[in-house]
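Have a look at these structures, which come just after this line.
What follows is a pair of complexes built around chain A, which joins chain B in one and chain C in the other.
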Partner chain A sequence: MDLKDKLISSFMAFENNVDVEHPVHDVRAEAMKNFEKKGFPSKKEEAWKYTSLNSLQKTNFSIFPKEENALEYKEVKKYFLHEIDTYKIVFIDGIYSSYLSETTHDGVDICLMSSALTKPMYKQVIDVYFNKVASKDESLTTLNTAFSREGAYIYIPKNKMPKKPIEILHLATGNEASLMLQPRNLVVVEENAEVQIIERHQSLTTNEVLTNSVTEIFAAENGIVDYYKIQNDASTASLIDNTYINQKDKSVVKVHTFSFGGKLIRNNLNFYQNGEYIDSTMKGVTILGDKQHVDHHTLVHHIEPNCESHQDYKGIYGDSATGVFNGKIIVDKIAQKTNAFQQNNNILVSDKATINTKPQLEIFADDVKCSHGCTIGQLDEEALFYLQTRGIPKKEARALLMYAFANNVLSSVRIPELKTRINKLIANKLGVNLGFNL
Partner chain B sequence: MLKISNLHAQVDDKEILKGINLEVKPGEVHAIMGPNGSGKSTLAEVIAGKEEFEVTQGSVELDGENLEEVAPEERAHKGIFLSFQYPVEIPGVSVTNFMKTAINESRKAKGLEDMPANEMLKLIRDKSEMLEIDRKFLSRSLNEGFSGGEKKRNEIFQLAMLEPKVAILDETDSGLDIDALRIVANGVNKLKSKDNAVIVITHYQRLLDYIVPDFVHVLHDGKIVKSGGKELAMELEEKGYDWLKQEAAI
Partner chain C sequence: MAYTEEELKKELETKEYEYGFYTDIDSDTFPVGLNEEIVIAISKKKEEPEWMTKWRLEAFKAWKEMKEPEWANVRYKKPDFQSISYYSAPNKKPKYDSLDEVDPELLDTFKKLGISIDEQKKLAGVAVDIVMDSVSVATTFKKTLAEKGIIFCSISEAIKEHPELVKKYMGTVVPKKDNFYAALNSAVFSDGSFCYIPKGVRCPMELSTYFRINQAGTGQFERTLVVADEGSYVSYLEGCTAPSRDENQLHAAVVELIALDDAEIKYSTVQNWFPGNKEGKGGVYNFVTKRGLCEKNAKISWTQVETGSAVTWKYPSCILKGDNSIGEFYSIAVTNNYQQADTGTKMIHLGKNTKSTIISKGISAGKSQNSYRGLVQVNSRAENARNFSQCDSLLMGNECGAHTFPYIEAKNKSAQIEHEATTSKIGEDQIFYCNQRGIDTEKAIALIVNGFSKEVLNKLPMEFAVEAQKLLEISLEGSVG
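And then the complex of A and B:
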């Protein structure tokens, strides 16, 4: 049985465990129909030309873990940003771990999707926001919608800001030979409210994991969202991340994606600007080796006038790693005075590494500033020689140059301890100790 | 200290250095002058160990050791320093952190521990004061957005920090106004001692008013065609290079 058939038959079992009378279940059932019709995307589709899900579909993933698993904090401490105090929403094999989590209802709601989808007190928010910006058409998103039950639920009312950043951590224990996870997150930031979120997926063994995640983010007028995705998973873990962002007037949403590890990573990052004077920022650092594969698909839809979008993705690919960057910008006819910038720069450090990069601009307004640029290159030999003449050995010199190349993406990280952590991950990834904290 | 014998070097089968002989002793200042394309920068880069160039004949020796198989960073550890004509920009790495890395890599190569932080800070303070470098400058990303003068001053700051035996200054005067030139030259003069040597590569005589050479060599078509004292530089300034080219052709 391939994965699609298994998912379809699992849906019936799933229905035995949720309230099928609840209005949310109508949304699920509708989504399941769509997935049944469409199935997994194939390489024949333009958007999936360079990323194949074939081998994943042949893997016999468990759709639900057989049992609840526990972990001690000390086993997983290193995956938290433990240098600072944070709210934590932690899942072990897809099941909420109250032991490792720290949620709150003190002025803001930082808790669970399973509560939000079932308890009456959240009904109003769910009615307004759940599955409202996520695609009802894209097959992997609808697959997630069909199985939506658990994930992070974050609601920040008007003028509020949580006291500390929020970490969403998905841990896989490896107790299943191969496990599929489908977390569903909802983040709502009301007028003048602000939130900082760090999301990470971590497999603790070499057993295979496939995560198909959907996150919906709503930023109301003047809302501020900083979202950091740390993708540094085991080489047997694959991640399909579907993130949908709906922004209103003067809101500022920044998404940073750090892709340092995993078997296959696909990021579908979609911004919809439903208002004026909106700022949308997407930044990414990708450093991959071995046979790792990453595919960044971004979309910014400029729907109203006077908005900005900024995209800056840097990639360093070694060994036989492969990368894709596809950045789509749509500027509607009405969206005059749009400023849209897109930059994708790549360094290939091995002959076998490849990158496919493609800007895709659809501009229907005539008074706009749109720029895009992509480069693919090697490290600058002259710069290497310069560093060597200062006594820095070639390996360290290469690392220093790669670090410098990726660096400007880090300048907008607003949590200093996170920046330090990312710097350390980069230094580790490059295999050097540069003698100072980068 | 530095001995260059019958040095031939080529890139892509094109011979650029065609038999250079030069001996530099401790305490000496040598100037290498010559028209564009004569091989001045190539000579500097071959001494520093740039791998792009293939040495086909002859040798470069430092304190009696043939440097042929020695990597650029090891040459730096042994005491060769090249001030670049076009220093490279390294965003995200401050001048201070860059110098820490450079100094500690050099110490590591010599089997020494990292320099203690307070010692490093004092060294940085002393050398930056000597070169009239603002402290704010040290926390900026290396060469990023620096003016031509700032880049060159930063090169000399690195020279001061690393204290090499042989410092090669490649066109350090280009792009400098007269004030910046004076500061850079004063810095070099303060660093000069009886134990180290300086090779100044320049197109013009201007810098040699400030860094006074003991010897002047004229390079033309990959060879030293004339050597003399500092008065040779004056003569070149007056007459240009054409008379030498003619002399060399005879």
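And then the complex of A and C:
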């Protein structure tokens, strides 16, 4: 039985466990219909030209974990940003772990999607925001919508800011031979509110995991959202991340994606600018080796005038890794005075590595400044030589240059401890100990 | 005279297609429709050998199985392939030895177009192979070329007289099953040009063909084959104008360039087919497959100025097969009113130390849509491949669109690829600056557009540069919003 059929039959089992009378379930049923019709995207579709899901579809994933699994904090401490205090929303094999988590309802709601979807007190927010910006057409998003039940729910009311950053951690224990997870997150930031979120998916064994995640983010007037995605998973874990962001006037949303590991990673990052004077930033560092595959698909839709968007993606690809970047900027007719920038730089360090990039502009307004730049190249031999003449071994010199190459992206990370952590991950990935304090 | 923007806009909108006239010449036209008999009939009509008929039939068979491509960023009413007549030749079809024998009406047409054959013959030193509704009627300077061993004739003549060359090269760069329109062209191509430059010969003049679409309801299917043998050089010009017409006309040409070791081909196009009137009615559909193959140390350079056609679908490409080969693409695409253009290039790097340069300038005005679509592919064995691409778009008015779809695929670590694109409008301060110095707005825009396109215009041969600038003016003057 292929994965699609399995999912369709699992949906019936799923219905036995949720309140089918609840209005949310109509949304699920509708989404399921769309997925049944469309199925998994194939390479024939333009958006999936460079990424194949065929092998994943042949894997016999468990859709629901059989039992609850517990983990000790010390086993997984290293995956947290333990240097600082954070709110934590932790899932083990897709099931919420109250033991490892730290949630709050003190002025802000940092809790669970499962409660938000069922409890009446959240109904108002769910009615307004749930499944509003997420695509009702894209098959994998609707697949997630159909099975939406658990995930993080973050609601920051007007003029509020949580005391500390929020970590969302998805752990997979490997107790199932192969597991499919479908977390669904909702982040609502009201006027003048602010939030910082770090999301990480981690598989603890080499058993196969497929995560098809959907995150919806709403930023109201003057809202600020910093979202950091750390993708440094086991080489058997695949992630399809669908993030949809709806921004209102003067809001600032930044999404940083750090992709250092995983079997197949697909990031669909979609920004919709429904207001004026909006700032949208998406940055990414990708360092891959082995046979890893990362596909960054970004979309910025400039709907209203006077907005800005900035994109900066750096990639370093070694071994037989494959990198894909597809950045799309759409500027509507009325979106005059738009400034949209897109930058994608890549270094190939191996002859078997591949990079496919397609920076795309679709512009319907005339008074705009839009540019994109894209390069594929190597490290500067002269710079490398210079460093070597100063007594820095070749390996370290290479790492230094690569680190410098990626550093631009890190400069806008606003949590210092996170920056240090990512620096360490980069050094680790480059296989060196950078002899200075990052 | 001081123009206001409104006046300029009005003038532009009402500016009729200057070259819109229709010559009444008796034509020998086939009934509409397409089937095997028609393909065989075309072949027979052109007195082709059997292998050619077979080739056409194979292409036709493949075409029947194919679907029209829909991926391009253009919207149009699909042509009905069964309501087109696939062959039309000027009726009085002698092989002229001198221009005096040519139908005076035909000569008159050329005069209206501003191509005085005699003048060109003398002044420009251009050998003109004029294709009027699919059959070559005038070829000049043949003798000078013949002395050098250069073959420059219509493709049907080449099939008869140089079958070994045609057989060897035709369909090698654009296979007959390459794509929907290439297959259609392979099955029904009416005529076109053939050019062969022998080893080590530098073609002493620019070779030029003026294409004309004339007969109502006849699609034109040109086939061009240029072969530059080892160490040779040729510069080839192609220019087009077409009469005003209400229904859509289909043009599906195939151009194949083959540059053998150390050879260089420079292929320049100025295209100004009827773009449709200001409501977007009529106009030519231009679905062209152009591709060149570079062997060792060879160089192919495409330069194009596209101002016409209602719908354009065109990607002159280079396959850089040989080591150290070079591909270049310089393009200006101008769209106005309801025109749609989806154009760009493909650079396929296969050999070592291959280089490619892409400079594309898109200018959109009115309600038009202008897309750049390009592919730069570096294969794993293409060591030290180098590419530089630049796509700039200029938008005039807020109802047009500019789109960029660059595909970049690198499989070799020594590849160096740079791509940059910008989109902007003409700065008010630039116009203000010109106004200050007594240059009116219209002139200022012409000036700025010319500057914007300079990099590409510079690449055109002298004879064409003037004409190209004229075309830019016709297409754009005063269309700023």
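One rule holds for everything that comes next: the second predicted complex is superposed on the first by the 438 of 438 C-alpha atoms of A that agree within 3 Å, B and C clash if a C-alpha of one lies under 4 Å from a C-alpha of the other, contacts with A are read in each partner's own complex, and residues count from 1 in each chain.
The rule is short, and it goes like this: contacts are C-beta pairs under 8 Å (C-beta built on N, C-alpha and C of every residue); 3 or more make two chains touch, one makes a residue touch a chain.
From a predicted model like this one, the values you see are computed outputs, not experimental measurements.
Could you look at A:350 and tell me whether it touches chain B, chain C, both or neither (first, second, both, neither)?
Touch status of A:350: second partner only.
Check the residue A:367 against both partner chains and state whether it touches chain B (first), chain C (second), both, or neither.
After superposition on chain A, A:367 lies in contact with chain C alone.
Quick one: name whichever of chain B and chain C touches more residues of chain A.
With both complexes superposed on chain A, more residues of chain A are touched by C.
Please work out whether A:390 is in contact with chain B alone, chain C alone, both, or neither, and reply first, second, both or neither.
first
Which partner does A:408 reach: the first (chain B), the second (chain C), both, or neither?
first
What is the contact status of A:58 with respect to chain B (first) and chain C (second): first, second, both, or neither?
neither
Output check: A:74 vs chain B and chain C. Expected answer is one of first, second, both, neither. What do you get?
neither
Looking at the overlay, does A:44 come into contact with chain B only (first), chain C only (second), both, or neither?
neither
Give one of first, second, both or neither to describe whether A:400 is in contact with chain B, with chain C, with both, or with none.
After superposition on chain A, A:400 lies in contact with chain B alone.
Please identify the positions on chain A that touch both chain B and chain C, taking each partner from its own complex.
Shared contact residues on chain A (touching chain B in one complex, chain C in the other): none at all.
Can you check the complex and tell me which residues of chain A touch chain C?
46, 333, 336, 346, 348-378
So in the complex, which bits of chain B are touching chain A?
45, 48-52, 71-73, 75-77, 80-82, 84, 87-88, 90-93, 97-98, 100-106, 109, 114, 158, 162
Using the touch definition up top, name the residues of chain C that touch chain A in the complex.
Per the stated touch rule, the residues are 71, 378, 380, 393, 395-425, 481.
Mind listing the chain A positions that touch chain B in their complex?
380-383, 385-394, 396-397, 400-401, 403-404, 407-408, 410, 434-436, 438
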